[in-house]
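Written out below as C-alpha cells is the structure these notes cover.
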Amino acid sequence: MFVKNCWYVAGWSHEIPKDGFLARTIVNVPLLFWRDNDDNVVVLEDRCCHRGAPLSMGRKEGECIRCMYHGLLFDKNGQCVGAPAQERIPPQAKVRTYPIVERHRWLWVWMGDPTLADESLIWDTQWLDHPEWRCEPGYLHYDCNYLLIADNLLDFSHLPFVHPTTLGGSPDYAEVKPKVERLEHGVRMTKWVYNTEAPAYSRKFGNYPPDAKVDRWMYYDFMIPGVLLMDTGMTPAGQGAANNMENSIKFRACQAITPETENSTHYFFAQAHDFLIDQPEVTHSIYQSVITAFEEDKNMIMAQQKNLARDSEFKMVPFSIDAALGQFRWLINRMIQKEQSADDQQPAAEAARKLVSGLR
Amino acid sequence: MFVKNCWYVAGWSHEIPKDGFLARTIVNVPLLFWRDNDDNVVVLEDRCCHRGAPLSMGRKEGECIRCMYHGLLFDKNGQCVGAPAQERIPPQAKVRTYPIVERHRWLWVWMGDPTLADESLIWDTQWLDHPEWRCEPGYLHYDCNYLLIADNLLDFSHLPFVHPTTLGGSPDYAEVKPKVERLEHGVRMTKWVYNTEAPAYSRKFGNYPPDAKVDRWMYYDFMIPGVLLMDTGMTPAGQGAANNMENSIKFRACQAITPETENSTHYFFAQAHDFLIDQPEVTHSIYQSVITAFEEDKNMIMAQQKNLARDSEFKMVPFSIDAALGQFRWLINRMIQKEQSADDQQPAAEAARKLVSGLR
Amino acid sequence: MFVKNCWYVAGWSHEIPKDGFLARTIVNVPLLFWRDNDDNVVVLEDRCCHRGAPLSMGRKEGECIRCMYHGLLFDKNGQCVGAPAQERIPPQAKVRTYPIVERHRWLWVWMGDPTLADESLIWDTQWLDHPEWRCEPGYLHYDCNYLLIADNLLDFSHLPFVHPTTLGGSPDYAEVKPKVERLEHGVRMTKWVYNTEAPAYSRKFGNYPPDAKVDRWMYYDFMIPGVLLMDTGMTPAGQGAANNMENSIKFRACQAITPETENSTHYFFAQAHDFLIDQPEVTHSIYQSVITAFEEDKNMIMAQQKNLARDSEFKMVPFSIDAALGQFRWLINRMIQKEQSADDQQPAAEAARKLVSGLR
C-alpha cells in the first residue's frame, strides 16, 4: 500500500539520456522517462497496452515511441497512433501518462489522480543546483520496504552507534532528544548538541584545533512521501552557537526515498556544502563520506528487515526516541486510508450520478 | 493447468544416451527416459514410489532401474520387483509409465489417460530426417509459461520488429495480415507478401542480385498442444510467386513448445532446407541464424513476462493481429475444461456403478 | 511446526569466540550466543526488542550487550538497562533468554517453557571429549526440512546404495533388517551383519587380510528431537562377533540435526574412535570419510526434497524398512500435538483462574 496522490522523486535529471530512455519502477508501476523535442520530460507507463511488452525495449521515432514487439506506435500522450495491419486503432489503445516536474536536478512524478497534482507540494531542494552550494548526486538501491528507511531517517539517535567513524560523533549526541513538531505534510525535527565531538567526515574542513569541541545543529523536515530536507552543521563550541556562526561548517541535505515495490526502494540523496565550493575534491570527499555512512545504514536496515521477516508476530517495544517516526507513519497511514475510502466511494458516486442523469 | 490428453514433444532422440538416462520434467511431472535392450524408449515417473527419490540418480540393471537411495528395483513397466529386507513387495509399489513414440528424431509422450493415446494425433515432422532435407536440432529453455511463447509464434507480425537483422525483412511484411483458419486441433495461417525484402539469414542462399525484391510465403499449422509446422520461403519477385517456384528458397520448420512447469518451458526446433544439402556449413549457418533470432524472441518474452507478473490486473487491449492466438487459447481452454469435467464425472460415474452393482 | 520442550544441539563449544558472538537461528528464532565473565554461555534472542535489529551486530560492554542501531543496552538476563535520551526504561523492554547447557563440547538449548527444562533429557555424548576417544567436529548446513534427514538416519539400508565407496560395504548389508524398539523419547535400532564386506573407510585400520570378511554391528538410539547416538564397528568374521572383540574396530557416533527454519537444518556430527588415538591423521581421515559420505546423503536428500516439493499430493508407499522412521515421526507428532493443546488450554486455564479469584 502506497500513498498515490503525492510527488515522488523518480530520479536525477541527468539519468535520462539525450536520445534514450530511463526505465524505472515507482510504487510498483514500470515507468518510461524520455525527452520530447523541446527537452521536456515525458513519462509513460512502460508496458505496451497490447501484450504488456516494455516500451523501454522500443525506439524513439520523432516524438513517438515504437514498441518493438509488434510495432505499435505511441505518441507522447500515450495514445496508440499506429499499428501494422490494423485498419482502425481502438481508442482505448493507450498507455497511461503521469504528471512530471523537473526541478533542481530532480524528477518529480505524481502517481495518483492527475487532477490533484499540485506543484506547491513539490518540496524545495534549491541547494541541489544553487550557485553558492555544491553537491554530488547519490543513489542507493534497497531491497526492503521504504518505511524501514524512513524510520532510520526519523531517528538520528542512531548516528553515534551506526556511524561512529563517519557521521557519528560521540555518544552524548544520542542523549539529546530532538524537538519534534507535526507539520501538515510531515514532521519537523530540531536539535542542538553543545560542546560535543565533531563528526569525522566534516571535522577536517573547519581547521579546528585537534580535539576541539563543537556545537552541532540539525533542523530538518521529513515530508510525505519520504523527502528529507535538512539544515545541519557545527560551530566551534562556546562561541554562542546559533548566535555566532563564525567558522561554522554548514550543510544542506536533500534525500528522497521512493518505493520501487513493496520490498524495494530507490534512495536519492545529496549533501550540499557552501564552503570550498571551488574545490571539487572537497565535494567528492563529502559525497564519499555520506555514501559510506549510508552503506552502514543499509547493512543495519537489511539485517533488521531479515529479522522482522522471520516472525510476523514480533511486537516492537516503543521508546521515546520513536516519537517522530510514529507520527510520520500515522500521517502515511491516514493518507492511504483517505485515498482508499475515496476510491471506494468513487463507484458509488458514479452509480448515483448515472442514476440521477437517467431520471432527468 | 495443462492439457493432458495430447502428445507432447519430450526431446530429441539423441538426448537419451545409449546406456544412460534423460531426466526431464514435462507438465510438472519428473520423467525418466531410457532404452530397453531392443532400443525402445521407456518412460517412467522419475520419482521412486517409496520416498520420492529420483530414479535418474539410480542405475540400470539389465532392463530394470535400481533406485540408489534404498535399493528398490523397478522393471520397465514401473513395477517394483525387488527391495532389500522386504519379504513381500506391496503390489501398489510401482511408478507410473507413459505412452511414448519415437518418430522422425522426436520423442512424443502422452501425459493423460493412456487408453486415449491415439498415434494419429502425432503431427507429421518428416522433414526432421527426410533424406532430401537437412536441419540441425535446436533447444532453448524458457523461464516463462508456454502460452507466452505460443502467442509469439501465432503472430508473425513481430518479425520485422523483433528480428530486423535476422528473420525479419522490411516493415511492410507486418502490414499484410495472414489468413487464419481454425482446424479441429489447431490454427492454420497463410500469408504471401509480394515484392518485399528478403530476410537477411536466407537472402544469401538465393544468389539474387543485391537489393532484389522477393515474394515471401508462409503456410503454417500451429497444433495442440504447441507444435508449429511451417512451409515457408521466397521466390524472386514478379516471376509469378507460387505459380513459378524457380530459384525459390524453401524451408520446413518444425517447432514444439512443451511446458516444463507453470513457469518454465522446453522449446525444440529445427529449420529444414532442401538446398545445398551436401554443405553442412549451410545447415549450420541456418541453425545459427534461427537460434540467434529465437534468443531475440526470448529477450522480449521474458521482459513481457516480468511486466505481466508485476500487475495481475493488467488487461491487454486486443488488436486484429491477435486473431490466431485468440483462437488457439480458446482451443486450449476448451480442452482443459473438457478434461476437468471428465475428471469430475469419473468419481460420480464410479459411485453410480458401485451403487448399481450393489443393487443387483 | 517444531517440538519446543526439548534440548536442541545449538553448536560446538568452540564456535563461540572468546570475546565475540555466535549468531544462529534455531527453530526459526534468531539466537545470540556469548560468554559472560565466568565463561558461562549466555543465550539471548538475537533481535532487539526496540526495532528488531540483530544484537549480533552490536558489541559486548562488560557483561552487557549494546545494540548498535540505537544504542540500547541489555544485561545477560535480556533486560534493557540503558537507552539514550530515555528517562525511564519500560520494564517490558527485554529480549528473551533460553536455558543453555554446555556439555561434552556441545551447546544444548531449550526453546520451550523454561520451567520444564530438565537436564536429564540431555543425551549422553561423552565420546566427544572422552580421553580414550578421539574425533573431529563436523558441521553441514542443509536447505531442507530436518525430518528428511531424520528419515535418512533412521534407515541404514541406504548405506550400500548411497555410500558404496565410503560407509557402505556390500549390498547384503541392506538385506538384514534391524531390530527396532520404541523408547520413551526415541527409537532404538540393533543390527549385526555377519560375514560381510568391511566398509572402505574403516577397513584400512584393521590390518585385516585383503578381502577378509567381517561381522558388523550397529546399536543406536535416535532421540527426540533429532540426536543419533551410535555404537558401531566390526570384528573379523567367524571369531564370535560380540563374544570376541579381538581385533575389532570401534566407533561411537554422535550426530544432531537441529531445525534452523522449516526449510533448513543444522547438522552437527562426530565419529569418535578408540584406536590409534595418538595419530591425528587417523582422526582426520575418519572425519574426511564421514563428511564425504554425508555429502552423498545430502545430494540424495536434496534431490528427494525437490521431487517432493513438486507435487504436494505425492503419497509414499511404505516398506518394512520404514518401521523406525514411522515410529519416530509418530513420536514427534505426538509431542507437537501435546504442546499445542497445552498452549490452547493455557488461556482457558488462566481465564478460569481469574474468574475464580474474582469470585473470592
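The first chain written gets the first letter, and so on, giving A, B and C; residue counts start at 1 in each chain.
Simple rule for what comes next: a residue touches a chain if its C-beta (ideal position, glycine included) is under 8 Å from a C-beta of that chain, and two chains touch if they have at least 3 such contacts.
Being a predicted model, the structure only gives us computed values, none of them experimental.
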Same or different for chain A and chain B, when you check if over half of the residue numbers at their contact belong to both copies? different
Turning chain B onto chain C by a C-alpha fit takes a rotation, in degrees to the nearest 5, of 120
Averaging over Cα atoms per chain, report the distance between chain A and chain B in Å. 48
Pull out every residue in chain C that's touching 2 or more other chains. none
Name, in rising order, each residue of chain C that touches chain B in their complex. 151, 155, 157-158, 160-162, 171, 174-177, 299-300, 303-304, 307-308, 310-311, 314, 316-321
Of all residues in chain C, which touch chain A in the complex? 25, 28-30, 46-47, 49-54, 57, 66-72, 83-87, 90, 92-93, 261
